[in-house]
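You will see chain A twice below: alongside chain B first, and alongside chain C after that.
Moving on to the complex of A and B:
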């Protein structure tokens, strides 16, 4: 209604006033749009989280939710070791993410700024996208035939006399889970970093060199800060799937690497929604803490645009 | 002497039966054009009964049923995860579109009284085989609730134990010796060579049965342990896990087969068909399915009618399908193809004899009946919905996280 009245007044007003009123109209429209988006976001994201949090204070008896508030579900998280599951999941996900970053950043830098030809670059980019077209279970289960007691690697080790007995830790272990997750999550880390580095103007790097900076100084003071948006995106795109990993722990962990997804699945078999809610709430709280810490770290690198400063 | 119970025999029979079946199908196809017998096109016109449940209850080919009762069954498969199954029925209101639910025992205790399953009308004229079906099956816990209300019709059943490599355990390939569950949990010879299912509903009770049998724990009902009882069993399993007893904790049927065929383990608590599949790859009697001293994970699948289906105009067809699950044809085909038993096994044998099955095949059916009878004489009856599920699941998590 306000917008209509202002538009009607606009017709007979002097030019200066018209501009002022146009900005008022735009401002009002922006505010409405912003409000609508905020409301939609609140309904779609915040309300479910609140419901999730509230649900964590209920319990389950004989496959039925008991809507009497209590702390039983939360105390049960600690008694059943599910608290450790959350920390273990976080540890594994962060380890994998950091390995991806350490391996992926140099690769992305090489891909974006080295002297390789366009064809070679296109081939490597295509190779990075291939995993998106293949089923993760199919890709993961292959490792069993390679890492198992009677697998390819052990067969080679035994036949060449390098070992006397099969190496058992290669499969059904945390090592195997990490090993399976790293190739699967390599593209989500590399591609955003590659995009960010590609956008860095070469003249900035040349200027840094011309001004006498060492390659290390150019990297830390020019390339890395400018690549930070890609690093953050890669970090989030890798950490998220790593936290929710289900296939690799299931197929390569042999049940000995109980991560969050398996724990939630187990609770779900008894329709223990409150346990699922408590676990999810706990993880979200840990993630918020983690992102807060990440932003603080980024501030030290001068990435003001990422720190809401 | 030939071992009638050997999985090899059954595999061989299956192969022969398949060839005979192919010949029969070819003959039928040739005749149908002349004599007007049901063809694939005609099958499309048959009335349809929609089912939702575990695919193990399905025939490998529904064509014999369509020819016998003139009803087509469309089964949407689900895993054996009771949480997913019950959520689908309760939250997704599956009864609006589904006529029959097929699942392991336990769901009827919850979904029946809550009004999601319809009580079985044992007087329905289409349920012609009800009266001659033994109470051992039709009045079992699989299809009735604790109050005795009849919520389902028995479909198939078996008594699960563990598969093993006889050669690795120093046993004869055709041995029918009763083995102890200690091979799974507590044997120095199998330490590090055991695969244990990682689902609490399937694996926890077997460990409890072993501890109860040895007197190491006092447990009332191993299929529905109290929190304290489950804690004792979890403590034992944690100790065994830390001692390196288990090579892996598997999650799926396909993994059972792979672990056996790869010879990654020597012993595994698994479904009987996994042993059959492994032997199909490794050769006759390479693996065996154990007769045990202590008992078995006895399970049964029931067929339950959706409450809403009773208000539709398909009830007669639904009861024709329910009756078919009690028939000799279904019994014979299920026993031959999967090794599973069920009600009215004698009708299965009669069907095989009347339809020209070989003596070996008929003998295998009788052997299946004898095998299940022998196993069913021992404890314990499983359930997917124990009263203490929350406590049991918590203790199982302790084991997994240790």
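Moving on to the complex of A and C:
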């Protein structure tokens, strides 16, 4: 609207009018496109979530879903030690995410800003995409042959005489679950941060340096704040899959590491769909909660340490 | 090299810098005194930006025998520790900080208390007439305003030397002229040493106390603006400083700083000799500015020619005179007597023409 008024104020030159007309058409076209995309997204993503949420208010009797609204599923959700499972899931997912961030950020910075050649950079980026080529379960199950009691590492340790008995904590343990998740979730953390850092103009880093900042000061005052969008994206892309992970806990946890995903799976095999729905909703809520907490922390952090305000 | 009243603020001696097989700087030396406005003039690829980066410390030179800022040896010292700051070509303002935060950055880094840093920053912004926009976002500023913020940010820490890397390159013509004057005023007020990089001879002549003309990683000529403007010592310098006519010939006589050169076609003309050690008989050239040439009577010193073309350009008229030594461009200002008369012979004052030996190129 404001645009139209401004255009009409321009003395009504004939050229001005054509521009106005054209911009109006463009505007309406982009509005249509935007609306279509929003609608498609709503149908494909939001509607299933709503249905999922609605399902969590039903119950199951004799393997049949009873379509009568009730809070039974939600009230029964945390019975039978599920609170403990939730805490464990959170702990594992957050530990993995933090490890990814602590390892991934310096790696992304090195990849984006160090003076490695174009070829080296391309090779590393290609290496990062390898995890996407292969199915997760095939990649994960290999570790059983390596970490197991009769696995590669134990064979080496025993034959060289470093240990007398096979090391048992390496497989079917929380260690193994963390270990399996870290390589799988490394690219989702690194790539968004890499993109964000690549977008930082080199001259900003030089200017900071030129104005007297030490490398650490430049990092905390210029690079990190400007890379934050990438960090937030990496956090979401890593924490989400980590909270919902079921391949690694199943294959490398060997039933000893119970996470929310295993609860969902067992509820699913028992055909208790409302429980599946409630648990899934719960996981999504957890993710949103953690993301909200992260954004709050960053805002607080940004208010005191990064800038003067 | 130049007369310097006190200890020079900036001293660079015999710097060599190579990017792989490419030599960007080849044994360059220069110095600047306190409060001096030094301009490094050159086209792209002349090494002028590399020179600036070597001074600021953003580039560590392959070798340098002496590099001092305010008497302190800074060779090998990181950029952060040197008492010089840079105004970058693209301004390099931090997009996640407000205008005043950008300006206060250098102070904050030096652990100045926040309140004092902000006060200083606002004072620096007032100096560039941007106090009212202190709390704006960088994205809300125009190009000229960003330029001023970059300037305020660089001077607020009171460096010994301020380096400016073509800071006016991205501005439109009108704004550029205003900023030139403002920069000069600021420099006088701060009494700070400015090292200014530009490819525009007009900027160099307007603003500087001294100009260093660079070419292919070497210094071609240096001196006061008027020296370069009126006494270019080489063909390249003459061409770069905007001499429209450079005619080749052979030096026939020289005495008392005045040279006589025989051009192709046999005409002998006179000009000021800028290479005093040139020997008669050696190859030499004469450079002439189009607006310093005028029509003369047939008995006066000059060269015969016929008018080939004439283009009226409002304030002046451009003419091309065909002579035995080749076409000569001549410009006559509106209202000047030569404007409407026919031209048979052109001439010039001896002090308006320069003759230099053709040493190599």
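By our rule, the second predicted complex is superposed on the first by the 237 of 309 C-alpha atoms of A that agree within 3 Å, B and C clash if a C-alpha of one lies under 4 Å from a C-alpha of the other, contacts with A are read in each partner's own complex, and residues count from 1 in each chain.
The rule is short, and it goes like this: contacts are C-beta pairs under 8 Å (C-beta built on N, C-alpha and C of every residue); 3 or more make two chains touch, one makes a residue touch a chain.
Given the structure is predicted, the values throughout are model-derived calculations rather than measurements.
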item: Clash or fit, chain B versus chain C on superposed chain A; value: fit
item: Chain B versus chain C as contact partner of A:210, first or second or both or neither; value: second
item: Partner chain(s) touched by A:106 [first = chain B, second = chain C, both, neither]; value: neither
item: Chain B versus chain C as contact partner of A:48, first or second or both or neither; value: neither
item: Touched partner set for A:172, first chain B, second chain C, both or neither; value: first
item: Chain B versus chain C, judged by how many residues of chain A each one touches; value: B
item: Partner chain in contact with A:226 - chain B first, chain C second, else both or neither; value: second
item: Which superposed partner A:69 touches (first chain B, second chain C, both, neither); value: neither
item: Contacts of A:272 with chain B and chain C, given as first, second, both or neither; value: first
item: Superposed arrangement (fit on chain A Cα atoms) - minimum chain B/chain C Cα distance in Å; value: 47
item: Overlap of the chain B and chain C footprints on chain A, listed as residue numbers; value: none
item: Contact set on chain A toward chain C in their complex; value: 201, 203-204, 206-214, 217, 221-222, 225-226, 306-309
item: Chain A-touching residues of chain C, taken from the complex the two chains share; value: 56-58, 78-81, 85-86, 88, 90, 92-98, 100-101, 104-106, 108-110, 114, 117-118, 153-154, 157
item: Complex contacts: residues of chain A adjacent to chain B; value: 59-64, 76, 79-82, 84-85, 144-145, 148-150, 168, 172, 250, 254-256, 258, 262-263, 266-272
item: Chain A partner contacts - residues on chain B that touch it in the complex; value: 81-84, 86-87, 110, 192, 196, 198-201, 246-251, 258, 262-264, 385, 387, 389-390, 392-398, 400-402
